[in-house]
Amino acid sequence: MTTTESRAAQHETARPDASERADAAFLEVAGLEVHLPTGPRKEIQAVQSVSLRVHRGERVGIVGESGSGKSVTGRAIAGLLPTNPRVRVAGSIRFDGREMVGAPARAWDEIRSRSVGMIFQDPLTFLNPVMKVGAQVREAITPDERSGRDAAADPEAIRYLKLAGLADADDLARRFPHELSGGQRQRVLIAIAIAKRPDLIIADEPTTALDATVQRRVLNTLDETVTTLGTSLILISHDLAVVASMTDTIYVMYAGRVVESGPTRQVLTSPQHLYTQALLRSVRSLTDDGVDLWSITPELRREIDAIVKDGANA
Amino acid sequence: MKAMAFHIGKVLFSSIILLIVVITILFLLLEVAPGDPIQTLVGDVPISDALREQIYATFGLDKPAWERYLIYIGNVFSGNLGVSFGTEVPVTQLIGERIGNTLALAIPSFILSTIGAVIIGSIAARTRKRWLDTLLSGSSVALFSLPNFWLGLMLIIVFSITLGWLPTQGKAPYGVEGIQIEYMILPLITMATAELAFKARIMRASMIESLGQDFMDTARSKGLAEHLALWRHALPNALLPMVTVAGLSLSHVLAGSVLVERVFGWPGMGLLFIGAIERQDTFLVLGVVIVLTVTILIVNLVTDIVYGLVDPRLRSQVTRSARSEP
Amino acid sequence: MSVQQLSRAASDAAPEPTPPPRPARRPRNPDAIWRVYFRKPLVRVAMPILVIIILASVIGPLLTGDPFATNHPTFIPPDAEYPLGTDNLGRDYLSRVLLGGQVSLLVGFSVALLCLTVALIVGGLAGFYGGVLDTVLVKISEFFQVIPGIVLALVAAAILGANLGIIVAILAVTMWPGVARIVRAEAMRISQLGYVESQRAAGFLSLRILWSDVLPNAMPPVLVATTMTVARAILAESGLSFLGIGDANRPSWGALLNQAQPYISTAWWLALFPGLCIFIVVLAINLLGDALNDALNPSIGRVK
């Protein structure tokens, strides 16, 4: 833990009253490193010295192509990495100054049941197929706020489902996930994430599995609920347009590292890093529905690669 | 509800087809049996003229094969399974006297082995790669390879003969009605063990799969304690395939009761069956097979209904397929 | 490691609770498979045991004396002179058990061989051509999944008589659909692969494609299933002969158990050894089958 603490000390040390200060971050990630096993004796470093901070009510975007480590970062922050002893996390993750790296499972359960909500990518597989959606939302509500005898029709759960944009929640709460449309299911996941009234919601590619028109509407709902509840948001996406429209701050990740970060507008209008520039070009060069981040040429990729590695060594 | 009824109707229909196939196979076996059909039917047992008459009448032995076949099927479906040669008692009556004893053993061992398998399989899935998991998987392969009836013999040698703790044969002391619990213990263990191994293996695989599903991440993201996530999310999903497996296992238990009843002298349908085979009491042999088949088909039907009730996805699939058909 | 590899690996690893195994590619070289196979510790234990028991059963009776001679004292427990004791008629039990092994193993392997042959023909044709044959095969295997084979086998043996050939035939009839289902599934999968389709398009005779491309490539899982069938057949035969359905002149291990039951309270060894042999042989075969499965499909065997 000593290395962790010394690394954290380089940054601003969180104080107990941090949340009251405008410039103090609610979430502080410093020098985060994640190793994932990829085979019997092989592993990769999926995240390398990533630091980021999220203030109360702030919206942070993490962009990058698949495999850039953005999802792993998001999961690490929520303590949702695979429960495999070979998954190693180092560095520091602090919620209101409370260090979570190396914290016991109970502490993580508490953080997840109160402070952090997570919205996942695939709305079908992330819902339990044999449990009514109302009951699944109810589970996320703090026990003393639950009411109603019928687990599937808890008025509180229905309230959150409505907040997540499901107008006919009274009916839908009694249904099973497969009876809902993709957009509806994604709204159920949003309802689950907000039902604990968290301080922070981490949305990992929340609309990738939906078609374009539904995407827009679900994102609007996410936008509205986050505003209504005053929740901080980490939006993880490969879709620059989505991140641009919804976040205040942006982190660009490549090959497990943050290559550029700053206010969203500033980063997108005057990108400093070659990769960010390439990313923006590849988006602009294509129509909206054909966003393709893999159109970066191999030559450019080698160049970016060299820069990223140099940056790491420097 | 209507859709469910339709689905049940469909399964019922295919069950009847299956029963007809079994009867056909039995009929064909009788036909291809060497020698004259009445000799095959009667075996070595000397029979009365009245009975000979009755066999002729019941099975129309003077008629051509296809006609005999129809008569045979008609008889079975009207509940006429013939009479036992030795005693000239109706086969249905003989079976009726014994089937209770068989179920008294089969059902508890089925229930015990299922509960045990769910617990053991879940634990093994949770602790995989550790010694407990290795032990459980290893002993499961071992039990899988064990001739079940031999296990029964060994249990008798150890617990009845050497230690003298438990009785060896029968369901109660001689001349006593009903079933006594200490007579049940060894047969129950013998019957349950093989099924326990079979089901625990599948439960383990099913549980491992459930634990790896995405919705478990959602459960964790709610801050649910691990045991709650297991209990509410992983287990119900892991149990779904177990419904089908349980049905299969119940028919294994019923078929296996032939061996177990023989080992422990348990006066059930299995022992009746063996006796009938030894005496070449053909009507009784066929009767037991038909009753067993019907029982297994009923078990399958129940399995199907239960599966439809517990899996909401299938429930609506049934609804959809029922709607799509005229 | 290139960035692409790295990123691919990372994206593979991230969403899964454990990294997915690499695409299951069977080692092309059969020698490599066998080398992997024989290096497995379980194989190194199970294989010699099985080989020893087979050899002992085949050659053993020549060395241990006449299994039918009744010139020994009766009911001698195992000792130096009679390693497995003697039975109720004063026959040397070691010779009896070895002879029983001959029958049990013969039944097990012949049933498996028969099942394999029938399964390759029916399953191969059904999977390759589909159609009516396929439907029929599916129905038959469903039938044997529902109706317990041992009961049908009992009835058939009771009616048709019980010599070794009939027993083997009956067991094969009840067991082949299990193997055929696997052949069918594999044949179906392989015949949809590109190279088979292109051969079909090139006008090769379909039967020749089936014989020279589809079936050889379908063999790995089929071999595993066949191995397991040996074990299942030995168990099934022992059950049948324990119930008295068997060749009276050639007592198998199960038949020995049948004969041992009346003397169980005095002569424990009569019931112990034949059962132990069944158990060890079946266990060894099952373990070898499991290991074969692992060697052929490295990804499936590994516990994730």
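Read from first to last, the chains carry the letters A, B and C; within each, the first residue is number 1.
Following the convention adopted for this analysis, a contact is a pair of C-beta atoms (placed from the backbone, for glycine too) under 8 Å apart; a residue touches a chain by one contact, two chains touch by 3 or more.
The structure displayed is predicted, hence computed values, not measured ones.
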| item | value |
| --- | --- |
| Chain whose average C-alpha position is farthest from chain C's own | A |
| Two chains sharing the most C-beta contacts | B-C |
| Whole-Å gap between the CA centroids of chain A and chain C | 52 |
| Chain B and chain C: spacing of chain centres that average the CA atoms, whole Å | 23 |
| Multi-partner residues of chain A (each touching 2 or more other chains) | none |
| Residue numbers of chain C (touch at least two other chains) | 16-18 |
| Chain B-facing residues of chain C, complex | 16-18, 143, 145-148, 150-152, 154-156, 158-161, 231, 235, 238-239, 242-245, 254, 257, 260-261, 264-265, 268, 271-272, 274-275, 278-279, 282-283, 285-287, 290, 303-304 |
| For the chain B and chain C complex, residues of the former touching the latter | 18, 21-22, 25-26, 29-30, 32-34, 40, 128-129, 141-142, 144-150, 153-154, 156-157, 161, 168, 208, 211-212, 216, 248, 251-252, 254-256, 258-259, 262-263, 273-274, 277-278, 280, 282, 285-286, 289, 292-293, 296-297, 300 |
| Of all residues in chain A, those that touch chain B in their complex | 78, 80, 105-106, 108-114, 116-118, 120, 122, 125-131, 136, 139-140, 176, 178-179, 189, 192-193, 196 |
| Parts of chain B lying in touch with chain A, wherever the complex brings them together | 213-215, 217-226, 232-233, 236-237, 240, 310-313, 316 |
